[in-house]
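Next come two complexes, and both contain subunit A; in the first it sits with subunit B, in the second with subunit C.
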Partner chain A sequence: MAEHVILFTGPMGAGKTTAIRSLSEIEVVSTEAGNSERHIVDKATTTVALDYGEIVIGSDDKVRLYGIPGQKRFNFMWTILKKRAKGMVLLVNTDAPDPIGELTFFLEEFRELYDRGGVVVGVTRSDVLDGPSLDDFHEALERTNPGLVIPVFTVDPRESSQMQNMLLALVVNIEMRAAFGAVPAVAG
Partner chain B sequence: MSIDVEQVAAVPAPPEAFPEIIGWTQACMAVRSVLSLNTPVHLRMYIQGHEPLLIDFRHHAFSWSTPLEQFPVDAVHTGLETVPTGPDAPPFFELPGQNLDELLWEMGMHSFDGGPAFWMTPGERYHLTRWPNLNHHSHDLRQVQMIAVLGNGYASPAELAAFAGVELHEAQRLINALSLMRILVRSAAAPAPEVAPPTAAQKKQSLFARLRKRIGR
Partner chain C sequence: MATGTGLHTKPAVVKAATTLLADMKGASSSLTYAALLTDDGFDVARYPEKTNGERFAGMASSMQALGDAVTHELKIGDSEYIIIASGKGHVVQLRVPGHELVLSALFDNDATVGHALAIARSFAQKASDLIG
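And now, the complex of A and B:
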């Protein structure tokens, strides 16, 4: 069975766990613990190891969905998982302390994943009036990664159809990049 | 009937003098004209059976009581007004309104009878500069596939249609919409895509195709 690993990254509170729950067809395995950084994000628990969900496609394919902890002190997990991954869903919440900074940080951190697969960006909580607009995210991408055409969508991680749009856009973009020779050919 | 589109933004037309026009082609031309010339105006469109549609270009927003889920493809336009504005003028309506790109997507998809927009030139190839915000546009997955092609190379409408296995007018409508949204660049000199349209076997092997089928889209 071919396995396709998709990482869900982004800062704490961006909606990674919710997004995987919206997509997974199995009960999501989550490892959460008390949030020791409530001065940054006011949520009682946060992911400390990872979330795991999956989508099985017939008898041939399994799409594994891994949500990895957003706190930078867990970046040893990032190193392990990004080696196995084919693509990345990067979620950034507009009410984070520095959403544009988070976008550029995570893209830089996972740049190798873009180079050999693909990335799609989901902007969550886009209804926050004082937060950066979608244009601000595009402009930041164009400034820091000129020439890359990375899909950027606003998204509500609770909405399965919106998360499916993101996942399908990621997969088709990975395949198209392979077809155009931008990345190694996609197996399976 | 024809209108000088370059003048649309400059010469206000009273609604009563405006001939009835069915469809969105002339509206697209007016919007394109304002956007291209960066003219300091708002637009107010009168459409039979609907409240006026207001566009504030400075804030990239529109206001319309008709939901876009009920977009009237064969709208009867009875008037088009330009309203002068300036950098210090108040917004045309209470903000935030709706994102103008959502309207432009629908207008572009339903104009020019599926032929090339009037500002396009035969022989050109197109490349995407930004992905449209697909969670806010009604779309199907063949359009997503075509957008991915345009994001990774240059393609003409015919090449795009062949690659995605769609009718030429479907590819052209998408290009019209993306062009109206100003997220395409064009080049007559761009090389043709170096990839052949996928074979049936390749399509079957595609993870995208299998995933799409799996989630019923």
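And now, the complex of A and C:
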């Protein structure tokens, strides 16, 4: 069975915990604490260490799903978690104060995951606010990281089928790049 | 923009917590560092006061949440305290009863783990009483 370790990144409120809960076939390990920053993101709790779930895609691709805490004060966890990951789902909510800035920040911070595997971007909460369009995200990626192959989707992290499609696209991307020698082969 | 709702944003709490940690040092000469922090990783107060506690507050809150995740996974109830022992001292950490706060304290090896835990428990309760 091939095994993938995928990291879910992005700012607080992008939907990382919700996405992992939508995808996981095991009970998700969560580390939630009361959110002191409801004036910034209005939700009751926030992840302070990690989320962890698992899913099997197709007949034999086991995917371990790790979620980071989105706030920079937890960046020591980013260092720990990025070491073991081979790909990234970067979620950005369009109602964040600067969604394009968050995209470029997290991509730069976790750029090694593109080099080791692959990256997909999921744009969330696009129905809530008239924020940047998919074209805006594509343009920002092309401007800041020309030449990288990074699919961009609009997704609802609550919808398991949407998240599975995006995860499958990432796994295929990683395996294709490994097959063509662009990245190291995945563990077998 | 409105200010945050955490205890770290309330000057009266920060002042009282700072005094409490100084008292904790008075109760145990082996105490070399102590921090009160919110469950979501904000530094409320620390001893010595003139240190930067932001990074440690984030780490301690992650550790607390991971401890809770482990006790949940193993179905052994709630996490009461966490101890990290090293060659140069031990960290004792526990929740402040009734509040979304954590007390984390580093003692040197002149203190036994039992003494360190007793002091930490006592001052976690004092913090709870103080904040009300």
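Just so it is clear, the second predicted complex is superposed on the first by the 176 of 188 C-alpha atoms of A that agree within 3 Å, B and C clash if a C-alpha of one lies under 4 Å from a C-alpha of the other, contacts with A are read in each partner's own complex, and residues count from 1 in each chain.
The criterion applied here is as follows: a contact is a pair of C-beta atoms (placed from the backbone, for glycine too) under 8 Å apart; a residue touches a chain by one contact, two chains touch by 3 or more.
Remember, it's a predicted structure, so these values are computed and weren't measured experimentally.
Placing subunit B and subunit C on a common subunit A by superposition gives a fit, with no clash between them. Looking at the shared chain after the overlay, A:Q162 reaches subunit B, while subunit C stays out of its contact range.
In the overlay built on the shared chain, the residue A:V152 is in contact with subunit B alone; subunit C does not reach it.
In the superposed model, A:V172 lies in contact with subunit B only, and not with subunit C.
Put simply, more of the residues of subunit A are touched by B, taking subunit B and subunit C as the two choices. Once the two complexes are overlaid on the shared chain, A:G58 sits against subunit B while remaining clear of subunit C. After overlaying the two complexes on the shared chain, residue contacts for A:L134 are found with subunit B alone; subunit C is out of touch.
Between subunit B and subunit C, the minimal CA-CA distance in the chain A superposition rounds to 25 Å.
Residue overlap on subunit A between its contacts with subunit B in one complex and with subunit C in the other: absent. Contact residues of subunit A toward subunit C in the complex are 29-40, 46, 48-50, 69, 71, 73-74, 76-77. Across the interface of their complex, subunit B is touched by residues 4, 55-58, 60-61, 63, 129, 134-135, 138, 149-155, 162, 164-169, 171-173, 175-177, 179-182, 186, 188 of subunit A. Every residue of subunit B that touches subunit A in the complex is listed here, in rising order: 60, 96, 128-131, 133-136, 141, 144-145, 147-149, 151-153, 193-195, 198, 205-208, 210-215, 217. Residues of subunit C that touch subunit A in their complex: 1-9, 38-42, 54-55, 57-59, 61-66, 68-69, 73, 100.
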